[in-house]
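Heads up, the next two complexes both have chain A, just with different partners, chain B and then chain C.
== the complex of A and B ==
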């Protein structure tokens, strides 16, 4: 699926190497041509995309055990994006994060994305920035527009500038013009479009790739009006996005179809590959996905055929060789150690008694005879042990089993 | 006195003695025109640009006969224009500073590359120097980074204090490897990293760099990599397969990496290595200058640009940086406040707190002051007012209370309120009708009774 498209411009690696062969031949003819061609190649790499850093905002808007596949979707995209080079400091991951340690998970601390448990996408180094009840429409819009309270740490902020390419991936349950957040609130397509417009007026992105995997996903990008946005959705308005396959051991559907095939496509991409966006549009045709994936490129200034996948999913840095150096002649001034030398303490420090047992017993002996109301300090008092989990009552267990069977029926993905 | 200064043997000495005579204010350029016969400028050099806002210009051949001042200036006009383009800002610099408001097609490619390379104007920057030692068993590295920073980097940053605040820290990372395998080149008898593979070096390292920054300021990273003994020596080659003398490369808006080769020729492992910080800082300093926006474009023919001096930054370079940064700040603050006003027009039911209104008005006042100072030429004050304007406009725009979550489309309004009010309205309407018909009937009945 990931065939590299050879484009006519010099940006593509294949044509650049042929250009190099040509320059070697023409070396005998005139050295100036070599000079200009190399500058062209270098400038071409610079101008092909105009971005210097990459960010990713990955949001899973569902919670509860039966929405396992949405968390697996998001974590799989997170894993691919990290593999292709974007560091955790540039990824804002919003998950309800209630799958791996859910008491219904037969394999705790794992989230699988493939049948037969081939791939654990939870891994060892997942860094979730917004988890649990922090995944709200308000927080999502705050992250996008940058209107966070001053006490927010760096890892929870989207610190993009005018040269950042941002990948935004949303998944969950959606409808015509809205996306449900954690079963309690919705974000509409107009709000999303306004948020992107505010990002554009403050130049918080250079180019934006918006991918959404929900039912009727195409309705979410209908209202965009800011420049330099490319959008992909897993289904058109009126269609449902379906889930891929259930796993009988875990008891839920593991992934959605669109993201499953998107991941298969991304597994073939490595940091120096030259696959472009036109191949991404072909991912998951109707025969595999049952729904019709859609895309929107009219707001995007560049031709999608010249946009590399790694422009958004990876983080390929532009580099320049340093040619200038400064000859420093002044000698180094060695700093004196100005830190004060602390004298060592000679007295031994001990901890104060945290619980002066002797005093309590002494007091209790007094109070027990005088005041019967103070039962808390009575030595006869047996505290009730409140351990974490108590086994659920039987009727609840039966209800869970019934719900599990319902999940195994072929249902719609939203 | 200036005659004596100009009679020195070299241009550099003349420059220093001229500076000791008078200090030129920030934002000004002083050009000394020397006769053609003067020996202070070397052969073939028409203009010498000093480090302190002065330039020495050699008069052309037409100056043999004493003429009026107007004619002198007219003949030197093209040269003076070129000097001003080099030492002070040019049209291209201002266009680059306003890059957000200029269409992409209007800018030159070099200007575009420059705008991508330097960081945007920010009130502060965080700089981190990291030493990467992938092979601690073979090399025991000693680097006196604190002394090097205070001797070579700190003077530059202190000179740039009116532009921004800087905070520096340093760290050593062990067992940090580059993400790319270098190839062995038998012709050079060394391992090489080609320019094409350099793009993939940064990412695996960046994940391990960490950041102790508590603010949202941009971070510049400078890495010093000492290759492990199995891959020593390691050279960086450019597109033409020539080794790069500085053995360093930089990534725009990120930082720079330098590869430092050591001769681990001792028999006893680990070998003690004292890193020559002067060489290292000699590479990091120009990279730092590029990142911060001090462009060193190639001078026109006939120009000789003097060395930068201890601070690593000439006064006129600082002036140019302050001009462009002030313009950029004013443009950004104006755009921010305009988009805030547009936001308020779009969303009817948004609530603006008093503190936001105050910040906006004080930002506008600072902008007007900054523009006024720029017109007069007081660079220091203009920079200060523009920084205040930026801070206040950003604080107003990014205030957390401006988040608008109330979107009520008309069809949803009808869909929500009609089922609520229609059932209630039906009995009300019916009873109103009944009352109206009763009122109409009563005067008729009263008349009938009277009759």
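== the complex of A and C ==
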């Protein structure tokens, strides 16, 4: 039983074989069976989830002020994920429009999730990685697959490896098989499934939790075919996801029902809680949500009852405390600084003149290098001959400058 | 023990062989200036000075943020100026700002002359900065970058000004919100935990008429002799609180009312931490009452005018009093006089009708009664507004005013924008109007933004000027002046340098109806289906005679007749 449990959750081959040897040895060598069971149980628990780091990709795909609730949805999941331990460097937050500092917001720099302005999910410490027009289908797929241009900064990349558990949350307007991005383009469920398959073949995730809160959300996970994906959606095909409550002071609906009850559920989770996914499936039943939330676990290898919420929403590190002393290697020797000592400059440096009028007027222009300007010039004023030589006398400077752009004036005869 | 002693010896040798000592200095200050319209203007300045030499390859980051230090060394940046602004500075109501900035995001950079490919370095630099500040600076590309030929001279020390190493770009559409303030605050040595930065709460800062945060990196003189240079990082935050939205209509301002916080301590890493309150209009306290009282008073020449300030020194524990917190309170007693008109002022608007052509008007006001001074006007217009430069006119007081210098670079479709720079001499007490006509281009349908009916922005014009000053300026660049008066270097006593920005323009381009492809497909398919279906039926349908079905009574009667063997009814 113990070895079977260990091998089922073993993904890394080296640790798997060494663990098998360890458990076999412990079976033969230890005097009591209770002690071996204890070690096996501990080892099994230690390697049960198999992940070492957590990432989150949170996307809001809607633009315009009346889609305030989608931004509030995404920010409430961001807030929960940050509270449970995932740092900003491991969160890729994409907001398609700015609601907090929108000119229609009566309380700037705030996004509320509960009416009567009870909870500000925007907060004072938020880092949005993709915002405004940057939230496109192309950028979203590039973030997932890792195919970004080389100059993309680190905060905009999903630098996950094969030991990462990734949470992907999408919200916006959707339909049967597609999700609308910024009212101008769409992503289909086939594209999404292919992107996840690319992630699997490139070993970019260990386990993936996909949550979507749109109308007919269940259609988005129908086409997944990569292993280790668990998906949740706020409504089935043919059903609409409804919004929760409007706030009369702000004038728009603040949250969607599914995410509202999800936020309530997550507020009770703390980093050491042992709530599992089966409780997450029960969030927002039909009586509260009006739509029927759905989930899909057939691609997931582990039993959902053994998967902790903090495996995806939090960043719980496995720590092993040891009382052994470890000898460090010999102290490092500082290298001598053999570079020549830089002499101090002796000339006095000054600040520049900000508007040197005389210098600007006498500036000899080197701008006639493009071909576009050649058609402007008459044979008399060929800049190839006049520029670069001795500067012309003062009374001719203004004439020269006038002549250079004379072709732009309606008068002819340059 | 022997290893330990040898390590200490190595360390001492290491330090002695190192001729340049890595030191730094951090100063912070807050200036509060009541404005004549009832609003209040608060300006934070944080200055970090860093003495280091990148060529030696050793960088110790103590006060200077590591992310910016790595950016400077990797991209060989000589000067970097970036600002994020929400709102427009109203010069006629508020006077001149200490540090001007245009609405949106503005970035201008001087690279070192060792850089071989300036455009590549610029592109990578904008991407790195977009990650540091959580802003969409990666939208800066060749279509909105220009290389000014005379404006934006370096603000730091140096003597080389090859304008090939200068790049300037502005994004007027850029939104500023808490996600830009968060990384900006994290660059400060004390963060937002101690010193003046505890006042920066986003809920109050963004509920204002004007909010601007900026970052300036440049080389400065290390001491008054100016034989060596050090890096200076200035982080500034300017905010104007409105009397009615933040002040509830009452003319009484305090730190708690403005920022919902009070000051409790200075930043422990700061060598100087001061709060200045402008009391020039209040010499005997007849206009407003300032509490708590402070004996320190400082005079400074700023923006060409001599101003008097009450100073609160936060490094002195006595400033915080019994309550261990400082809440500066200004309470008004009397109504204010009219303020003096600012000497230089700019406006800009679009004239015309329809979606084909238009006209850009830029007005520059010189309000000095008898002095004329030159201004340098820089205009960057996107390529989709095709300027007709032959219609460019510059008029002052009704007469033609020919600029002494013009630099015009025409645009290339989808590659580079228009660049127009002019040096104009403004006559005293006059309005100068610059007009140019343009035509709107039709973009390809993939080039429109997701909300094209909002319009397209044109960045602000930049007006750089040498304005005559009322009092003699201090040309001696010592370190003893307050930070807000020592940003622009002073060369002459009678004039000071100023830069103002006009409004950005919002222009509608001819926008197609994006639902038309769907409509056309539906309509065409319907017509084809109906037309083809009718024609097919007409050509292939044949008619056959069919017996009508009998009623129920007749059918029953026929069944009985069949059973009886009698002939059936028809």
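One rule holds for everything that comes next: the second predicted complex is superposed on the first by the 285 of 414 C-alpha atoms of A that agree within 3 Å, B and C clash if a C-alpha of one lies under 4 Å from a C-alpha of the other, contacts with A are read in each partner's own complex, and residues count from 1 in each chain.
The criterion applied here is as follows: a residue touches a chain if its C-beta (ideal position, glycine included) is under 8 Å from a C-beta of that chain, and two chains touch if they have at least 3 such contacts.
Bear in mind that the values here come from a model prediction, so they are computed numbers and not experimental data.
When the two structures are aligned on the shared chain, A:154 is found in touch with chain B and with chain C. Of the two partner chains, chain C is the only one that A:184 touches; chain B does not reach it. In the superposition on chain A, A:94 makes contact with neither chain B nor chain C.
In the superposition on chain A, A:146 contacts chain B only, with no contact to chain C. When the two structures are aligned on the shared chain, A:233 is found in touch with neither chain B nor chain C. Of the two partner chains placed by superposition, only chain B is touched by A:198; chain C is not. Look at A:110: by the touch rule set out above, it reaches chain C but stays clear of chain B. Legend: residue contacts after superposition of the two complexes on their common chain; A:320 is shown touching chain B, with no touch to chain C.
Residue overlap on chain A between the chain B contacts of one complex and the chain C contacts of the other covers 149, 154, 331, 333-334. Those residues of chain A lying in contact with chain B across their complex are 20, 34, 38, 41-43, 46-47, 50, 52-53, 85-89, 137-138, 141-142, 145-149, 154, 157, 159, 161-163, 188, 190-191, 194, 198, 201-203, 271-272, 315-328, 330-335. Chain B contributes residues 100, 109, 112-113, 116-117, 120, 144, 146-148, 150-152, 195, 198-200, 202-204, 206-207, 211, 213-214, 216, 218, 236, 238-240, 244-246, 248-254, 256, 258, 277-278, 281-283, 285-287, 296, 308, 310, 312, 335-336, 339, 342-343, 346, 397-400, 402-405, 407, 409 to its touches with chain A in the complex. Of all the residues in chain C, the ones that touch chain A in their complex are 3, 7, 10-11, 13-14, 17-20, 53, 55-57, 86, 123-124, 127-128, 130-132, 134, 136, 138-139, 149-150, 153-159, 161, 173, 175-179, 182-183, 201-203, 205-207, 221, 225-229, 374, 376, 389-390, 392, 402, 404-410, 412, 423, 449-451, 464-466, 477, 488-489, 491, 497, 514.
Partner chain C is touched in their complex by these residues of chain A: 63-64, 98, 100-101, 107-110, 122-129, 131-134, 149, 151-156, 182-184, 331, 333-334, 336-337, 339, 341-342, 344-357, 360-361, 363, 365, 367, 372, 398, 401-402, 405, 408-410.
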